[in-house]
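The chains carry the letters A, B and C, assigned in the order they are written, with residues numbered from 1 in each.
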């Protein structure tokens, strides 16, 4: 797969300094620059109101950009009406036409493209088979389960063979198991057909498991654009760190920066070594981020160079495969540690005083 | 627990059969539910179901002929209505008695009006006969008082007819006297033994003594001075009344075959006559026939009511659909303001709105003035927009528009914008997206609005009456006319019943075509 | 202190009212200026004399027959005195829905001792009807729409060449059929003989056909004055009192066309089946309200002629003005040169027939 930062000539979809305002006073999308390569699966992830859906709607043509250019395959599409853009779209509520059968729904985009009857039938059949719904052509959407409707919506968005498919939280209404299954189905199809996909969700697991690249939105801006692993392992700012996965934060002030080590003085006076990510000079306030699973509570397993701290156990939750322990660390009562359920892992009691540690490289000093 | 293993019916924990105990539990629920709806149920029964039932009954009820002319109806059974001859003396004798009693009870004009609905002209025969019929009785009275002045004394009559023998000895007189006594008692002002006798009792007595020999034993058993008076009269050589000649003298309408055919045709207690009339047919002695062309009005009016109601409904759809769409797609605050404008007509009296249309549409009205001022219409050729069908359609469309907009709006509100977006993303032009995707989903709203508008329109009275002239009025006008002016309540009931049936039929057809599940009111 | 006295006073009033056992009566009339004249001329003076009697008004005279019949069927007559036209009174009397009245004993004699029967004279039509006023149905026309030659004959209504434009006529056969025959050349005295035949009815309807598409049909008396005032019609028939208000009180450009005015009488009937106590009060009121002075008083408020001969000399001026009422009365000799004598009994006998034919003709 192409790298996230690939731009220029290879870009299939491009947002160029795009801004959007509804009321003329506040910007919902602030100076968006984004390029998506052909065949890429890009997820726009962010909390509600972050501007991700607006971006999708501008791309689909249902909203117009207040400023900037949107290009599709090198052509500016700002002024092209939605029905001429040739972009497939899957909606949050599937938007299957309730008064048409499944087959009629699928035939609809072919019909408006004036395809012949036999060609239509053939394509509809192929699309239905593709989503393993071949036997359901004669049913009405209301007679299908949520998952089945989802498949049909997908098939309908693909049946006219668009090069770009947009999906707006398509799995939001499904239960957990079905959702996981469909995540797999969608990625499989996207890769098999080689189509470019822009996927909007607020569910980070979905974003991480499905995407080639994830664009994390907040406050009308892309906070970080990166492949899932990079996003999780190396969040570039405290918003991304907080938003993706579980995260412990400790607040303090940068004491000094020595190469790839930043010494941070925590608010309770403790000094710790961190990896400086977006702190540049001493004296800056910082938020230190450590993933719960990177904290070691078993002294014996601490690696050399690990930094140790004292902690008090506040709560211990048994979760089967893992233990989840809430600690008080450096004045923070919400410091969570996840430990694997292993024979040598002891179960801690609330009130117990323990020592914990982590590698400085797992501890990222981010913006305050 | 043991009930699971045992044979026979399942038992509840206390040993009663499970079915019975379930039924008891359900019955309590049902009674509670019934009590909750009881006030409404009673209200609906009293104010809605009962009047409709009464209306249905009135449209076929025809007791009046039998109740007013009981003996005549029986005597007419021997008469052949298809012949060329009017009935003979026997029928006139019965009529003489019936009619005089009816005239005293003031029932003859009601019957005259009733029969006049079927055959115009009868009413005037009945009314004028009512004024002259008691002459026959008065002549008889003179005959009897000439024989013995005691006949004039009401107390003597009271004495004679208090006896059960009078029924056998003087059957006709007993009936006439009974009617007289009942009427006096009902009035409650005088004692029966003192009130002035109706002349008809003398005419009945004359019939009793001349048409057949009275039963001598029964006469002898009458209380004194009954036997003496009766025997004296019998001995005086009485002449029977020539009832036929007497009636023909009062009004020669009785010589018309048509009148007798009508009485004969309408003597059964129930009749299809009102319904036939409502469909421009009439029942004649030759069977059912269409009315003469100049009297056929109801079918035309039903048809007009239907097509104008449909036109009004169609106008409501055309005007209401865009407004409802706008309402459903505007921001909530703007939509609320617009909604108030839509509802505004509801807060103004119907009469005020209709009168406003009169002012706007009349020839010297606002719209014509404006057109003349703009030079679009010359002063001499002002448009006629009121007192015709155009006026009715305009005013009714305005009045019924909210009934179309509200259901449309509530349905459109539930159609998510994503459907049209989906259609567009699939390549449909805005028109195709609307026509193929949005419009079909708004059909339930159109259905609900159309049913509301149509059913309201079909029974509308006041607005067509005020702005419709003669061309733009509905069948409701004639229902009102027959209720309050012509007092032909049976015909009004039949017209109303047909209207009700037409609405139910259309509702059924609608259900078959569109499906009533497809109607959403909100 | 104040509150207590108010409470005391009101409880005293309640007691007093209870002691006098107030009688509530419901009178039925036509509303508008006419009902107002009845209120001013009879009801208010009567209530002033009899504080225990309270009179409520119901403006249902137009549907009096239908409603009385319905009340009678339901066995619950809630009206105590009903103002009706002669033709309605005939139907009510014929059907036993109106009480028969002995005019000489139950009504007041004239001041000079003339019996009520003689004083009312020809206005007594049947045994139930106590006449109040003589009014006429006649035409008014727009003075500015008839050019230099104002209409002088009722037959100008049928002349569309000379007087183009709409005319308003009452939506019923009475009067219209007679005018049609008269203008078709039937002598006034022969009208009912002709109208009594099927050919006569056809002839009248045929005459009406000539103006049918220029006719605005009215049902309420207020419609014609409004149509005339708006200039919607050139001619319009209505009750002369309505035209009087439009001409004299509202100064509209309207004039009267008295030719072939059709006399009608309006009066009271007492429904049958009142309880004795109420009936006594109603009869007492009726005697008071139809005496010579009261009928003359009514003419102060409306331009309808009193039904008693003895009232005529007492008719004065319009209440609160200098306008002499006599020249506006339908019975004034200047207005009554050519009148149509409306035959109530003929209509009572034939109304059902002609109504049916007329309605069918209207709907064609």
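In this section, a contact is a pair of C-beta atoms (placed from the backbone, for glycine too) under 8 Å apart; a residue touches a chain by one contact, two chains touch by 3 or more.
A quick note: this is a predicted structure, and the numbers were derived from the prediction, not measured.
Taken as a contact graph, the chains are arranged in an open line, each linked only to its neighbours along the path. Taking the mean of each chain's C-alpha atoms as its centre, the chain lying closest to the overall protein C-alpha centroid is B.
Inter-chain centre distance (chain A to chain B, centres taken as mean C-alpha positions): 74 Å. For this pair, chain B with chain C, the centres built from the Cα atoms lie 29 Å apart. Centre-to-centre, using mean CA coordinates, chain A is 88 Å away from chain C. Contacts with at least two other chains are made by no residue of chain C. Looking at the complex, you find that chain B touches chain C at residues 105-107, 109-110, 112-113, 116-117, 120-121, 123-124, 127-128, 130, 294-297, 300-301, 362-365, 387, 465, 469-470, 478, 481, 483-487. Residues 60-62, 81-89, 91-93, 95, 97-99, 108-109, 112-113, 156-157, 160, 166 of chain A are the ones that touch chain B when the two sit in their complex. Those residues of chain C that touch chain B in the complex are listed here as 62-63, 65-67, 69, 91, 94-96, 166, 216-217, 219, 230-232, 348-353, 355-357, 359-364.
Here chain B touches chain A in the complex through residues 416, 418-419, 421-430, 432-433, 436-437, 440-441, going by the rule given at the top.
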